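The following pair of complexes shares a single chain, chain A, combined with chain B in the former and chain C in the latter.
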Partner chain A sequence: MRHILKIAGLLAVLLAVWIGLLQSSLISPQDALLLPVYLIIALGCYGLGMVGIGLLVFPTCPKEALLLEKDVAEAKAFFREIWGGCQFP
Partner chain B sequence: MERPRGSSLSSPKYSILIPTYNKRLNIALVTYLIFKHLSDINFEIIVIDDASPDGTQEVVKQLQHVYGESRILLRPRHGKLGLGTAYVHGLKYASGDFVIIMDADLSHHPKYLPSFIRKQIETSADIVTGTRYVKGGGVHGWNLMRKLTSRGANVLAQTLLWPGVSDLTGSFRLYRKTVLEDLIKACVSKGYVFQMEMIVRASRKHYHIEEVPITFVDRVYGISKLGGSEIVQYLKGLVYLFLTT
Partner chain C sequence: MELGDKAIGFFLLTFSFSLFAYYTFWVVILPFMDGDHFVHKYFLPKEYAIIIPTVTGVAVLSFLMVFIGFIMLKSKPKAL
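Showing the complex of A and B:
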């Protein structure tokens, strides 16, 4: 099933719940009308939070740069031996 | 089922596709490292060079003398034609059961190749994709701004697309050859959005996808790659994928 249909289905369910809440007396009409706004704000906060957390725990690997330098040196030495120094500085 | 020549059920063959443009030093380094880390594996390297003016193809021919013409295939093209078509072109000559795609600039380190292969064998996955964003993986060479845009882009993509993988734009991947052929036919995007489209479509088609952590050392220092137009291109790509996959 196309992804957009899944999303549309989810939105339809949310819409039905919202309309149900509006018509029932569980929550006052004023509060119920604002629910989508709260949902969007919550979604925004979640997104920003995920970005923030992601930045905090962003995996870095400074050692890898050093290891790479060693590998590059090893490879260059190999080619210098078989091709002479003319190919690579 | 007819097997590709040079492979058997117990020892599958891997075709490593490497598109190159002006990579005359790096292609030699990458080749050396691949042979170092895959010494027990049946593989071939297919270099797809887009008419590099710096002599990349001459270096590849010399590498063929060192390692053998059956291990290194040079399949050049006449101009700078883009990544998606490079894979299509390289696939034509691939005789492996599995195809590995990677960059030639050493941001993808060949030392991870055994872990891709191991993961596929352990899980019988159709696709193994390298991810920089999990424990054991990582990035070096990105400043805060770059990390921020990367993280923001990733969260946006996860929220919109539910892709099932943690690193959407990565291009260090192992595909079962038949799966790659199927996906390439279905994908139309260019550049890194193409990489995203491949993995999202694979997810939609319920291919078995596994991830392995990889480290990514950005020697080009990424700043050049992320201007405003790149961001717009990315957003357009996201919307396209959201609506059509």
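Showing the complex of A and C:
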């Protein structure tokens, strides 16, 4: 709940700054109208970059995978010994 | 497979960062430059700063909708 309040506050501040820029003649209104689109583009870039970072640092554990495969083979051999004649896929 | 995932991640990161840098330069920095500066010839007119994102967004959204529709059609209906 606090998080959503923080985001809402940030959006309100951005809206206030934007309206201020629109009212003042610091930059031309044609350029100031582009800023929300810029915000959306920045958000999209952030999301895409986060997906990229997630893919880049995705943890894989090849050592543990080898150990697990060894365990599976061991278990299969063990059960084959107990129930001889049973078929395992 | 792992290397391919890493390559895709690196490509996504590079693409998003370069897109962000280009768009920032286009929308935020360019209005403060002189109208006859030479960098202006590396950027499309201002209208395209809205048109291209809108068209891209509509295309991505419709692709997602079609994809979801295909998934829903392909999945077997649950037996009640």
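The rule we apply is simple: the second predicted complex is superposed on the first by the 66 of 89 C-alpha atoms of A that agree within 3 Å, B and C clash if a C-alpha of one lies under 4 Å from a C-alpha of the other, contacts with A are read in each partner's own complex, and residues count from 1 in each chain.
FYI, contacts are C-beta pairs under 8 Å (C-beta built on N, C-alpha and C of every residue); 3 or more make two chains touch, one makes a residue touch a chain.
Computed from a prediction, not measured in an experiment: that's the story for all the values here.
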{"item": "Chain B versus chain C as contact partner of A:F79, first or second or both or neither", "value": "first"}
{"item": "Contacts of A:L10 with chain B and chain C, given as first, second, both or neither", "value": "neither"}
{"item": "Touched partner set for A:I19, first chain B, second chain C, both or neither", "value": "neither"}
{"item": "Partner chain in contact with A:I27 - chain B first, chain C second, else both or neither", "value": "second"}
{"item": "Which of chain B and chain C A:V37 touches, first, second, both or neither", "value": "second"}
{"item": "First, second, both or neither for A:R2, with chain B first and chain C second", "value": "first"}
{"item": "First (chain B), second (chain C), both or neither touched by A:L55", "value": "both"}
{"item": "Intersection of the chain A residues that touch chain B with those that touch chain C", "value": "51, 54-55, 58, 60"}
{"item": "Complex interface listing, chain A residues touching chain B", "value": "2-4, 6, 43, 47, 50-51, 54-55, 58-62, 64-65, 68, 71-72, 74-76, 78-79, 82-83, 87-88"}
{"item": "Chain A contact footprint on chain B (complex, rising order)", "value": "25, 28-29, 32-33, 59, 62, 66, 106, 109, 111, 132-141, 144, 147-148, 151-152, 154-156, 158-159, 161-162, 204, 215, 217, 219, 242-245"}
{"item": "Footprint of chain A on chain C - complex, ascending", "value": "2, 5-6, 8-17, 19-20, 23-24, 27-28, 31-32, 46, 49-50, 53"}
{"item": "List of chain A residues in touch with chain C within their complex", "value": "27-28, 30-31, 34-35, 37-38, 40-42, 44-46, 48-49, 51-58, 60"}
